[in-house]
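These notes open a run of structures that come right after.
In the two assemblies presented below, chain A is common to both, partnered first by chain B and then by chain C.
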Partner chain A sequence: MAEMRNEVTEEPAGSGLIDAQAPEEIDSEAYRIVDRYVSEQPGGQEQLIPLLHRVQEYLGYLPFPVQEYVAGKLGLSPVEVYAVVSFYHFFTTTPRGRYQLKVCMGTACFVNNAQTICDVLGDLSGIELGGVTEDRLFSLEQVRCIGACGLAPALMVNDEAHGHLTPITVRKIFRKLKSAARKEKNSAGGEADSENKH
Partner chain B sequence: MKTNTESSPAAVRPLGREAMAAIRECVRPVIEERLVTRRGVAPLRREVLVCHGGACISCRAVPVADLMEAAIDQAGLADQARVVRVGCMGLCDAGPLVLVSPDGVYYPRVNEDLAGRIVKEHLSSGAVIEEEELSWEGPDGEMLRSREVPFFARQMKIALRNCGVIDPGSLEEYIAADGYAALEKVLFEMAPDQVLTELKRAGLRGRGGAGFPVGLKWQFVHDTQGDVKYVVCNADEGDPGAFMDRSILEGDPYSVVEAMTIAGRVVGSNQGYVYVRAEYPLAIERLDASLNSARSSGLLGKDILGSGFDFDLEIRIGAGAFVCGEETALMNSIEGKRGMPRPRPPFPAQKGLWKRPTLLNNVESWANISPILLRGAKWYSSIGTERSKGTKVFALAGAIRNTGLVEVPMGISLREVVEDLGGGIRSGRPFKAAQSGGPSGGCVPAAAADVAVDYESLQELGAIMGSGGLIVMDETTCMVELARFFMEFIVDESCGKCPPCRIGNRVMLSILERITKGEGQEDDLGLLERLGEHIQLSSLCGLGQTGPNPVLSTLRHFREEYETHVRERRCPAGQCRALLTYTIIEDLCNGCHVCAKACPVDAIGGEIKNVHLIDQEVCTHCGACLTACPTGAIEGK
Partner chain C sequence: MNGQLVTITVNGQEVEAETGTGLLDVLRGLDLDIPTLCHDDRLTPFGGCRLCVVERKDGRGGLIPACSTPVQRGMAIETETDEVIESRRRNLQLLVLNHRMECPVCERSGDCRFQELIYLYGVPEEQLLFERVRHPRDEDSPVIVRDPEKCILCGKCVRLCDEVQGVAEIGLVSRGLEAVVTTMLDRPLDCEFCGQCVNACPVGALIAKPYINEIPAWLREHRTTVCSCCSCGCELDAELYEGRIIRVTSSPGGGANDGTLCAKGWLGWDILSNPERLTRPLVRKDGGLEEASWAEALAVVADAASKARGEGRRIAAVATPRLTNEDALLLRHLVEDGLGSDWIGLGPEAGVRALLEGVTPVLGGPFSTASLQDLKEADLVLVLRGDPGRTHPLAKNILVRRHRQQDLPFALAATFTGGLERHARPFLRLAPGTEPALMRFLGRELAGQGVLDDTVEGYREWNESLESYTGSWAAEVTGVPEETLAQFAQSMAVAQKVVVVVVTGRGLPGDEAETARDAASLVAALGAKAGLLVLGEKANLQGCLHAGLAHKSPQEMLRVAREGDLGWLYLVGQDPVGAWPRSLSVRDALKSAPFVVVQDAFLTGTARLADVVLPAAILVERQGTGIGSDGEIRRYTRIVEPPEGALQDGVIIRGLAKRLGIELPSEIDTTAAAIGLTKYERREARLAPVGSMNPAPIAEGFLLDPSPQLFHSGSTTTRSSLLRGLAPGITVWIAPADAEAEGLCNGDAVRLVAEGREVLLQAGIDRRVAPGTVVAPWQSRSDGASRLIGEGDEVVTVQLRRS
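Moving on, here comes the complex of A and B:
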C-alpha cells in the first residue's frame, strides 16, 4: 500500500496543493484498488468495510461514484453501501484538507479545555467543524479519544500528535503549517502567496 | 516500526515444543534481568528499554531510541549495551520513558541531549545520572527512586505483565516470558472441561465493563452445539479516556493471540476475529505483525504445534462508532453492516456472528487467560475481593499528576489509586471527583473516594467499573458541563434504532444545554431524573441503558452545582461560558486589539498598545475574546 500512496503524492510534481477548481475528478486508481481487492479477497458484504477503508486510505474520502462501483463489485445495492458509509464516523464523503486538524475530544482533553483549542483553530482557519478551507489546505474536525490522554489537550495533524496545547502553541503550530505550505507552493514554481493574514 | 529481532531465525520456520523450551532456557534470563533492580555491581551487559507506547512515540521516543543506538555504536559499546524497543511502560506523563537494566533506573522525559548523556555517562562508566533519574518525595520526606516510586511500587501486573518489558515485535521474547506455555498445557495436558473449571474457579470477570464471569461465557459457547463457532476479541475501545486495550495490543499482542487460540481449542472454534478501532493504527500494525509471525512459526493456522488443532485469526478494523463496543453491534459490523445492536436473546453464545455460536471477550480479559492457566485458579482468586477477583488496569487521565496506565489489585481504594499511584492533582487544587466508565459510567465524588475498587462497590455509588478509564477532576471542572459533554457524546453515537435512546437522550441533552446557558428551569432537575430512569429501563442495548448514568450520578453527588446553575445562573467551576463574566488582566494585555476585533457586539474598547476594557453591559458572554487573545490576558470567572 505504501507504493500506491507514493504514486499519488509524487504525481503532481510535489505541488501537493489540490486545485480547488477541479475537486470532483476522481483518481481512476481508486477503481483499480477496488478491482484488485475484490479479486484478492472474494466475498460479499463482510468485505465491505475493509474495502472502504482501503479506498478511503488512498483517496481521502469516498465519493458517490466509487461507492456505487463498490456496491456493484460486492453484489450489494448502492444504498447498502451508503448506509454503511453514513453510519460510521470514520468514513467521509467530502474531501479533507491537506492538513487535517483533528482535535481530540476525549474526556481527558475535554477537562483540559479542548473546546478552546477547537475554537482557536476555527478562528484561525475561518472554517466550521467538519469544514475544509477553500484552498483545501486545512480541514477541521473533532475526533473521538485518540488515546493520548497523557498529552491532553491533544491535536492530530494528519497522523502526527501534538500535546499539552494552549491557544498560544496552537497558533504557532497553525502558522508553521501555513508557512510550510506556502514555501512548498513557492518552490513548486507557483505564484508567490503575498497575502499574510495571520 | 523497527523491532529488535527483525531477522530472528525463530520467526521463519515452524517452532516445535523443543525449540520453544530452548528459547525459554536461553532468553528467559535476559528478560528476567529487566525486572530486577541491581545497583553497584557492574553487569556484563546493559539493556536500555525505550518505551514505544503510543504516548511516548508522540513525544519523539523513536528518534531518541535511534540516537541511542547510534551513540552506543559510536562509543564502541555494542557488545556491552543494546537498545530494546518495548511497549507501554505505563507512566505516559514522563514520556519518552527509558529504563536502564539491570540497574533498574528510569529516566523520564528523555530528549536527544539526555539520550546522549545516558550513553556517555551511564552506559560507558556505569554512573547513574542521579539528577535525571525518576524520583519522588516519599511521605516522610525521603527520596524514592525509579521502582520505589509508588506509581510502580504499588502495582501488580498480570494483564500488563509483558508491557514495557518485552519487545512486542519479538515472538522469541514473548515465548521466553512464558508465552505459549499455557497453550501447550491446553493442547497437550488439559481437557477443555478442566480449562473451563479452572477459569470459573479463578473468578475472572469480563474487563470490558459489564463484568460477566468469563468462565461461564466460555462454558455457554462450549455447550452450544455447532460445527462452526467463532472467537472474537473486542478491541473497539471507544470509552474516551480508556487506553489499556490499546496498550496491551501495542505492548503485548501475542498474549491476546495466544489466549484466543486457547479459547478456540476449548470451545471448539477454528476461526477468530479481532475487532480493532481504526483510531489505533499502531496497535493494528503490531497485531498484524504478530499474527504473521505466529502463523509462520506454526502457532497459528493448521495443526498448531503438531496437535492437529487448526485455528486462525483475522483483524477487522472498526470505522468509528462507539456503539460497536456493544457485542451484538460489533458482530453486525464484522459482517459488514451498520453497527446496530440486535435484541438479546438470542445471546452471542447461541447465535452470534453469522448466527453461529460466538465467544466474545475484551482485550484485557484475554490478556488474563494465560497467567490464570499457568499459575492456577487458586493463585488468581487469592487476589482481589470476594466477588471481584484479580487485578484491574486503570487509565489515569485528566487533572492528575501521573497520567498513564496502572494495574492494581481489585479492592484497592479509589483514593489510593488517585493520590498514591496517580500522585494527586497536578495543579495542587483540591480533588473534586473521579469519573469512571466513560459515557456509560458515573462520577465518584472526592468524599466517597475511599470506596474499594470492585464491580459492586462502584455500582452502588452510581458509577461503574467500565473499561477502566479514570478521569480525575479538580474544582475547575463543572459537573453540569461534564454531564452535557457525555450526553452530547451519547446522542452523537446513538445508532437510532430504539426510540428511548434516540429521542430520550436528545431531550436530556437539550435540557442540559439549557442549564449550562443559564436558562434552566426549576423543574428541569426532576425531569432529567425521570427521563434518565425511563431511558435506562427501556433502551435496547447497553449504550442506551447506561447513557443517562453520567447525568444521574452527577445529579446525585453534585446536585447543588446544578441548582446554582438554575437558580443563581452561575457556574461555580467557571466553565460554562454563558455564565461567566469576562475581564481583562491588565498585566497580560499588550493592547493588540485582537479581542476587540473578535467581539461580535463591540463590547471591547481600547487604544492599540494600551490595556483594553470589556463593557459588561454590552457583553453577551460568548467567549470569543477568550479564544482570540494571543497572550491569555482574558479571564472568565
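Moving on, here comes the complex of A and C:
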C-alpha cells in the first residue's frame, strides 16, 4: 500500500516524464532542492515563484521536466508553471553557462564599441548571442545598461563587472575563466574518484 | 464593509446597491448593455478586455472597468459618455489588430461576440502599422481546433479550465504580443474534452471539429433541453438544421449545470444518427429475427402476455433507470394494474443498490437528503468511493468551484481518481473497498466526542457495534495515516453543516450498498446538520425509484426465469447480456423464459436473444420529466425526432396496453408531490449494528483502474464513435516512476497479466496516474483490459510484462 500514497516520493519522477524535452541529463540535485523547499516551506501554490528562483539559481535555467516536477509538488498543472516561467523575463528555459557573459549594450558601452567586445567573445567561445557552449561553461548574451557607464565598454561575468574592455583584456578574462573552470573540474573529478573508491 | 445597502447614481438616476457587489452586475441588472469579452459570471473578475469601462463622475477615477470594480458608497457612474464609447472603440481596434479577420469563412460568423461589438461600435479604419503575430493552428486534438491567430486573449478558456473544470490543461504563455493560449510545450490537447473552453470562446479561436459545418448561424434553429446521459441532468442548448443537431452548447445561468458540460453531453450526439439504430420492430420467425410492422409486433407481444397469464405464469418487466417519470409510471400501470403482476424491477445498477440496499434501511427510502446546492454551501463535504469528475462531471465542477473560487475545502476518499484529488483537502487515498472502514472509524470517533444524536432509533446498538473500529485499525485497513484520519474526524466534529457524497458507477471497487449504508448511518447519527447525497449513474434513477419500479431485484427475476416460472419478460432499455454481471448467468435465464420482449434503440446482445424487439427513442428524442441526482425535476424536451419507425417508450407501452385492452391513465401526474409519494413515505432514521468487515487481502501487483465513464459509460454512449475515440482502449496508462522501475517507455507493448488471463496493450506514461496503479479505460466487455475485469467492481491487480 505504501507506494499508493501521494506523499513525497523518494525518487524524483521527473527523469521518466514523457516528452522530456532536454536530451541532456538534468542534475538530480534540482529535484531534491524542490523536495526540500516544499517540505520546509509552509504554504502552497504561492511558493511557486520563490521556488523557481531557487531552482534557477542552482541550475542556471528551468528545464521543462523540472517545471513539471514543480507543478506536481505544488498541485498545479504543468502549463500553469510554464505560463509563469514564460511571463517573467528573468526565468529562462534554455541552459545558461557556468559563466554567463553579459555584454552591456547601454548607450555608453554601445558608442564605445561594445559590439567588438561581443564579437571577440563570440569568436573565443564559438557561440552566437543567446547560445551556450557545449560544455555549458559559457553563455553569451547582450543586456541593457548595467549602470557602469563610467567603465564602458563593460561586461558582466555572472555577478562580477569588468570595465574599460579592449579585445586584449577580454581575451585575458576569457582565458582566466577557462583555466579556473579547468581547475574546478579537476578537483571535483578527484573528489568523485575518491568517493568511488569507498 | 461589504453588504451595506447604499445609493449610487447611474446615468443621473439614483439606484440602491449593496457595497462589494460587482458594479457590472448592478449595471446589467438595470438593463444597461455593458459590453464584455473576458467576463463570465462563473469566473472571478479578470478585467482584461477593458470593454466594460464606464466613467466615474464622483471626483475619483475617470474610466473604470465595471467588471472588477465593487460598488462603493456615493459612486456616480455614466455608462454612455463619448469618452466611454471612444475608449471601447479604441480597445476593440487594438484587439482587431492581432485578430485574423476571416469573418466570411469563419465558423463563428454570425455567432461571434467580437464581430457583434465591432459592428456595434465601429472600428476606426486607420490601422496601426505592425504585422500580426503568426501562430500555427493546432489541429492535433481529436475534437478541438485551436487557432491562436483569432484569439483575443480574453482568457476565459484558460480560467474555465482552471477554476471550473479544475484541469488547467491550457495556460496563457508568454507576454505582450507574443502571448498565446497553449498547452505545456504546445503538446496536443490531452484533457477531459468537456468543451467549456470552446463554448465560452467569444470568437472562433476554439472550434469543435465535429461541429464544423457550413450552415450559417442565422439559419440554425435553437432548442433547449436536458441531457439524459447521466443523472446530472445538464441543460443543453442545441442548434439544429433540418431536424439534425449540428452544434451543442450550454448557457451560463441556465440549468443546474450553469453552462458547463462534459464530453458526453457536448459531443456524444452522433449516437442519435448511428446507422445501427433500430427502425423497424423485429419478430422471431423460424428461429431468426425478421422485420415486422408495429401492429404485427405488438400483436405478438400482447398475445404472448395473454397466453402467459392464461397459463398462470409470471409476467415481469425490467426497466432502465433512464425512463422518464411518465414512461416509468405508465410501465408500472401496465404491469401492476393491467397485467396484475408485481414483478417489476430495475437493473443491478450500482446506484439502485446503493439507494435501495444501502440508504433505504437506514433513512427509510431511496432518497438523498442533500442536494447539489448543499455541496456549495456545506462547510464540510466528504466525497466517497470515486472521483465524480469521471462519473458525475457536474458534481465535480461544483466541487472545483468550491475549492478554487470560494476557498472552501472538500475531502475525497477514494481509491481511483481522475484528477480531482489535486483539489481535495484532505485527499485520503483508500485501499480498495475500504470506505466502510472510514465510515465506521468516523462513527466511533464522533460518538466518543459526544457530537452524535443518541436519540436516533437503534443508536446504542449501532454505537456498540463500532467498538472495534479504532483509529489504528482504520489506518491499517485504509492505508491512510492514523493522524490524518483523526484530524479529519475532528474537522467533522466541529463542522456546522456536513454533506457526505456516495459516488456510484461502473468500475469503482468495493460494495456500494455497504458504503451507502455506513454513510447513511453516520449521516443519520450526525443529525440535522448532515446530509447524504448518493450520485446514481443513470439519468432518471431517482424518478424510477419514486415511480416504484424497483420492486423486485434482478437476482429474483433471473431466479424465477431459470426456474421456468417466468412466462413473459419485458426488458425496457435493459441489456442484461451485455451489461449485467456475468455472475448472474443472464443468458441461461433468458433462454429459460418462453417469451422475451426487448425495447431498445440498438440490437444489443439481449435483443439478439429476444422474441420481439421494439425500436425505442433515446435521450433528446424523448419528451417528459425526470429527477436529477440533486432531487430536482428536469424537463426533457424532444428536440430531435427519433429515426422513423422508432417510438418513445411510453408510446410503445400505450400501444401495447391498447392491444391488451388495458386502460391506462390518459394524463400522468408528475408534479413533485405526485412523483415523490407514489411508493415511498419518508420516515424516521433507524440505525442498525454494522456487519463484520474483513477486507480481502490485495494481491501483489499494480491495481487496475478501469477508468470508466468520463467519455462513455459502456451502454448507450459506447455507440458514439466520437466518444469511443477519446478513450483509447488499447492503452494502459502508467505512472512515470512505475514505468521507470519496470523499464517501460511510451508506446512499448506491454502484457497485463491477472489470474491467468492476459492482454496485450500499449504503454502510455502519464504523470496523472497514481504510483502503484495502472489505468486501462474500460471499453466493451470483450475489449482490451476489460477482459481482465470480471464484473467491473472487484479489485484486479495485474503484473506488467514487457513484451
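Operating definition for what follows: the second predicted complex is superposed on the first by the 146 of 198 C-alpha atoms of A that agree within 3 Å, B and C clash if a C-alpha of one lies under 4 Å from a C-alpha of the other, contacts with A are read in each partner's own complex, and residues count from 1 in each chain.
Just so we're on the same page, a residue touches a chain if its C-beta (ideal position, glycine included) is under 8 Å from a C-beta of that chain, and two chains touch if they have at least 3 such contacts.
The shown structure was predicted, so the numbers you read here are calculated from the model rather than taken from an experiment.
Enquirer: Applying the touch criterion given at the start, work out whether A:F64 contacts chain B, chain C, both or neither, answering first, second, both or neither.
Expert: In the superposition, A:F64 contacts chain C only.
Enquirer: Looking at the overlay, does A:R136 come into contact with chain B only (first), chain C only (second), both, or neither?
Expert: Touch status of A:R136: no partner.
Enquirer: When both complexes are superposed, which of chain B and chain C contacts more residues belonging to chain A?
Expert: Answer, by number of touched residues of chain A: B.
Enquirer: Report for A:A83: first if it touches chain B alone, second if chain C alone, otherwise both or neither.
Expert: Both partners, chain B and chain C.
Enquirer: What is the contact status of A:G72 with respect to chain B (first) and chain C (second): first, second, both, or neither?
Expert: Only chain C is touched by A:G72; chain B is not.
Enquirer: Does chain B (first) or chain C (second) touch A:G163, or do both, or does neither?
Expert: A:G163 sits against chain B, while chain C stays out of touch.
Enquirer: In the superposed arrangement, what residues of chain A touch both chain B and chain C?
Expert: In chain A, positions 83, 87 sit in both the chain B and chain C interfaces.
Enquirer: Where on chain B is chain A touching in the complex?
Expert: Residue positions touching the partner: 54-55, 58-59, 92-93, 95, 237-243, 246, 278-281, 316-322, 333-340, 395, 397-399, 403-404, 435, 438, 469, 471, 473, 477, 482, 485-486, 495, 598, 623-624, 626-632.
Enquirer: Applying the document's contact rule, which stretches of chain A touch chain C when the two form their complex?
Expert: Listed in rising order, the residues of chain A that touch chain C are 1-6, 9, 11, 13-19, 21, 64, 68, 72, 75-80, 82-83, 86-87.
Enquirer: How about chain C: which of its residues touch chain A in the complex?
Expert: The touching residues are 162, 167-175, 182-185, 187, 421-423, 427, 429, 431, 479, 698, 703, 735-737, 739-740, 746, 765-767, 770-773.
Enquirer: In the complex, go through chain A and note every residue touching chain B.
Expert: 44-50, 52-53, 83-84, 87-91, 105-108, 110-112, 116, 119-120, 123, 143-152, 154, 159-163, 166-168, 171
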